[in-house]
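For reference, the structures are reproduced in the following blocks.
After this come two complexes, each holding subunit A, first together with subunit B and then together with subunit C.
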Partner chain A sequence: MSGLSQRAATAVTAVVALAGTATILAVESLVSGPPFLAIYAALIAVLCGVLRVVARQTDPAEVPPGQWTDPYLLAYLSGGPDLALRTVALSLVDRGLLHANGPALSVAVPGAAALVQRPVEQRLLQVVGAGADARSILQSGTLHDGCEDIQRQLRQARLIEIGPARLGSGLLRSGIAATALLMVAVARIVLAASRGQHKIGYLIALTLLGLVLVFSSKGGWSSLVSGPSRTRAGETLLADMRQLFGTLPLRAGQIQPGGGTSELSFLVALYGLAAAPAFASSTLQSWMPPAHVAPAGMAGAESSSSWDTSGSSSSSSSSCSSSSCSSSSCGGGGGCGGCGS
Partner chain B sequence: MSNLNALSNREGSPGETPDNPDKSVERVLDELVSALRTALGGDLVSVVLFGSAVAGHLRATSDVNVIVVLRSFDTGKLDAVREVFRRDRASVNLAPMFLLDSEVDLAAQSFPVKLADIARRRRVLWGADPFAQMAIPRAAEVAHLRQGLLNLLLRLRDAYIERSLRQEQLALAVAGAAGPLRSSAAALLELEGVPASTPKQALERLALELNQPNARAALAQMSEAREKGVLAPGAASAAMVDLMALTAAMLERARRVPEVAP
Partner chain C sequence: MAVEADSRDRFGIGYRPELLAGILANLDRLDIVEAVADDFLDHGMHLRALRTLAGQVPLTLHGVSLGLAGACPVEAKRLEAFARWVDFVRPESWTEHLAFVRAGGIEIGHLAAPPRRPATVESAARNVARAARVIGAMPCLENVATLIDPPCSTMSETQWVGDVLRATGAPLLLDLHNLHANAHNFAFDARTYLESLPLHTARYVHIAGGRRVSLGNTGRVRIIDDHLHEAPAAVFELLAVVAERTSQSLTVILERDGKYPDFRVLLDELDRARTAVAVGRGRRVPTSRGVAA
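Right after this comes the complex of A and B.
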């Protein structure tokens, strides 16, 4: 359950900002130079800490009741649209509805789109049509419509949140903190000037740094550019599902090709492409973006790729683990402009 | 909140032993019963767990065998739980069987060894026990026991010829023999009137009684193959040879079991 409502979180931020501002202004005449800058830096740290804590406290933690039986939904929750689309494509190849010949995809069964039920499956089959390059399709925004359905379900269940949806109150809190910092800085500069002191360069630099920090904290501007994020409830559900499916990776070698079960989809959805059994590896290999087939010496360049949000098997020797890709600016992975954006 | 790209490799890394597979199974079974009750209403007679899951301590690769006993196979109602079954197959290796209550006696006649195993090891998860009054024809059970052992022996011979040049493949065949060998051993001892407490113990007891010199080592290899999926070089061939000998000895003993209760 959320610890704080958005209104209460904003009130807490305002109280702390006001108290901090008042305290500093009260002692402003008693301290000068580095000691003042240290106190000011402490205010910045406190405000950033408060923003972080209240952002977490307003984040829903309770998983809504329901049967989480859709592997594509879990794939999206686990690795964003990038992993979700690859899970869909791999599932369709496994079922024999899509034909993968190297990076080339084509529909293997006439009218295959009518044989599948999920919108994202239908959309992928329609887009592939007579033939398409897997890498360009899976990384482009072409499949936006299909993924939106999954994204909507996750948002409705408050398992993920998208930038603009959570920006409002977060930005207000960042604004309050920034106002407090600016008030202190301006007051100090005015008072210093009245005393004939003009060494304000460090204060201005610290103020700018503080503004950057409070706006880049959770719920601030970073929400706009960071793409879909799991809420605490999303984290809880994902951990819970990985616990529930804990024996599946140990049974990966026993999964039979053909799509008779959903084991392959759940395996990839929850544990990433690297967990796929051998029969699926060659297909996955051919879906790698160009960076992944670069010479080994260029492996470092792969770390900025968003493909490997799921720990692709082909990158096992590279530094691009799923965690190392977290700095990617693509909220949704390889398809920066893909479904999740 | 965590960015979706920031998936932790540690959290999702495959190959980690889950904290408690049995706990996951219990949870899945609870949710399954609940979903079945909601979807089927009065059409659901009972849900029965059988096989190794009854005793707990499941391996990662173990099936979780469940019989769903129904009044009728109404697809209009069962459609609502299809996704649940697919998920549970993936999560805990759930292997369901859908049986009408009117088919229980026919099943006992048609699959007497299987049903005898269910009669020995079952836990009713919900509803009345449909197997409490089940009568398994002894003659049918004896015939099916012999048929099953002969069939297993033929499959083991085939596996030896086909796979013994590929040791890793043969190890899988050795592991796969465990289920039918154990259930056959349990059925054999039960028909002889000296049942063992578990199928595994039944097989171990028979291995001793049948004077198979290498049978115990072969059973140990079989357990290891089930556990690890591989055996030391050369071990799979030796184990397979010994398992074939044990199976043949069990078949010979099964042929002496009277079809009418003494």
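Right after this comes the complex of A and C.
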């Protein structure tokens, strides 16, 4: 099953919910007690599974047409605004436009903001001005807002999705599943009452648990409270770019400071801060908020990010298997920009 | 007035992972990227990545293992696999070498020039026609470099290549460094060679560099087409000649397989190619029916 339309996904959910409800209602008078609760729990599990599968199948897997070759865009896709801003800052330092002395940042060239093209670079240079502390400004909402353009591009291409955009059909499907659960529960309670049975506490608890589970599944209410997450197409793009760059993490040591290539930006964007070569990693480390200073050898900027990688597919993990994004190099801090999801 | 390359002429580079950052950062200066098909075929994910690359920049798929110039028919499973790859990646074209790479069930791991005889023209034409049928598009056929004059040959290289192109109707991928190396190694004039080729069929041009090696104590020097060095001036001179003698648009692709320099060096090489094509185009004589060489 692939490329399922929202309507078909809703229909599939409705059919499964109806079939499950009908089955349970048919046997409801024959079973009671723990066997009934077990059947009811199975229905909850099936509905949650269906919701998860159809949500995934309505998620486009194809990378949309267009040029997705901007390292900042890939950094945002990989690790959210935190990683994107650090990639921007590192690129500006590498290009000699920004001066980094530990956590202190300053513009290295007068009028540097006029020399760069991208809005996010201009914004960063303007904010840094005569001097600023990287640890505070890279966390600031002002700069995160500077990434709006990147976020909009990714959202329009459905490479990421943000809370409210995922609602709608997802919520309808969760509603169908919840209705099925409630119908079964109410019918059971009515039947129990008619038989003079009043031990319905477990059923109510199980129903509440089921409602929480169906609404917290992908596409449900949870979409409203979780941060942006990559779609399958976003996962595909990241995995493909990592594939195309091949052994870039292993060649990190060959990247020279100020080398005039964008390899450093792509390296950090695609493989996270932990993959940065030695000359850059100390700078990156000094930009981390004190509470988030990572273990030696990695700088896990994403650890403080609200970036949600719950939508990650297996493609990303497989792409990491041969890269520096192994758990050993990541240090377990999420420094691989989404690889380890 | 400064001469300029025909706006239809295109200039690109061979994809290598080591060059990708430079490629992606300079898409405004690259019209096309060539990917060696066989580098991607061991894993489905590699192929999908190649398709993603084809979505970013026009892509041509370069084959190195079909062995179209072999005496034996190319195995159906190879052609069918290649057809699936082409169908999946959707490149704008595909290319292969006029070489054999296996015989008698033995892979020789090298693009070897076949004996230049009428019989090999026929077998190559059969293979190319079959490949075009299975894959659904005619390949561009590339002349190869060789360090030995193929034994049992009865035809010159230009005669053989020309006959294959005429028999198949396939376009030519003219590798100018292969030509330069062969001309040096076998002491013939590359410009005369170009005069003998059906240049009107040329669609793609490869430029690359190689190295000179001494053959023991013989005092003889051979050029090895290793793609590890800058293209020599002679290659750009030949490119200008090709541009002068052709009226169709050309796609020039720089091949570099190792010892990667700063990407700016490669962009400079492509600029030299642009200049060479512009110079060649500028040499063409205007006629009442257009422009003639």
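As a working rule, the second predicted complex is superposed on the first by the 286 of 341 C-alpha atoms of A that agree within 3 Å, B and C clash if a C-alpha of one lies under 4 Å from a C-alpha of the other, contacts with A are read in each partner's own complex, and residues count from 1 in each chain.
Convention: a contact is a pair of C-beta atoms (placed from the backbone, for glycine too) under 8 Å apart; a residue touches a chain by one contact, two chains touch by 3 or more.
Keep in mind that this is a model prediction, so the values were computed, not measured.
Undergrad: For A:237 in the superposed arrangement: first (subunit B), second (subunit C), both or neither?
TA: Touch partner of A:237: subunit C, not subunit B.
Undergrad: Once the shared chain is lined up, is A:229 touching subunit B (first), subunit C (second), both, or neither of them?
TA: first
Undergrad: A:215 in the overlay: touching subunit B, subunit C, both, or neither? Say first, second, both or neither.
TA: Neither: A:215 stays clear of subunit B and subunit C.
Undergrad: Now for A:69: first (subunit B), second (subunit C), both, or neither, which partner does it touch?
TA: Both subunit B and subunit C are touched by A:69.
Undergrad: Counting residues of subunit A touched by each partner, does subunit B or subunit C come out ahead?
TA: B
Undergrad: Using the superposition on chain A described above, determine whether A:245 touches subunit B (first), subunit C (second), both, or neither.
TA: both
Undergrad: Considering only the touch criterion stated at the top, classify A:263 as touching first (subunit B), second (subunit C), both, or neither.
TA: both
Undergrad: Can you pull the subunit A residues that subunit B and subunit C both touch?
TA: After superposing on chain A, subunit A residues 67-69, 239, 243-248, 251, 261-263, 265-266 contact both subunit B and subunit C.
Undergrad: Spell out the residues on subunit A that touch subunit B in their complex, using ranges where they run on.
TA: It comes out as residues 55, 59, 67-71, 76-80, 82, 160-161, 166, 218, 226-232, 234-235, 238-239, 242-254, 261-263, 265-267, 270-272, 274-275, 306, 309-311, 321-323, 325-326, 328, 330-333, 340.
Undergrad: Tell me, which parts of subunit B touch subunit A in their complex?
TA: Its residues touching subunit A are 1-19, 21, 24, 27-28, 31, 35, 60-61, 83-84, 86-87, 89-93, 229.
Undergrad: Which bits of subunit A are touching subunit C when the two form their complex?
TA: Touch list, subunit A to subunit C: 63, 65-69, 236-237, 239-241, 243-248, 251, 259-263, 265-266, 315, 318-319.
Undergrad: What residues on subunit C touch subunit A, complex-wise?
TA: These residues of subunit C touch subunit A: 15, 17-18, 20-22, 24-25, 27, 45-46, 48-53, 55-56, 262-264.
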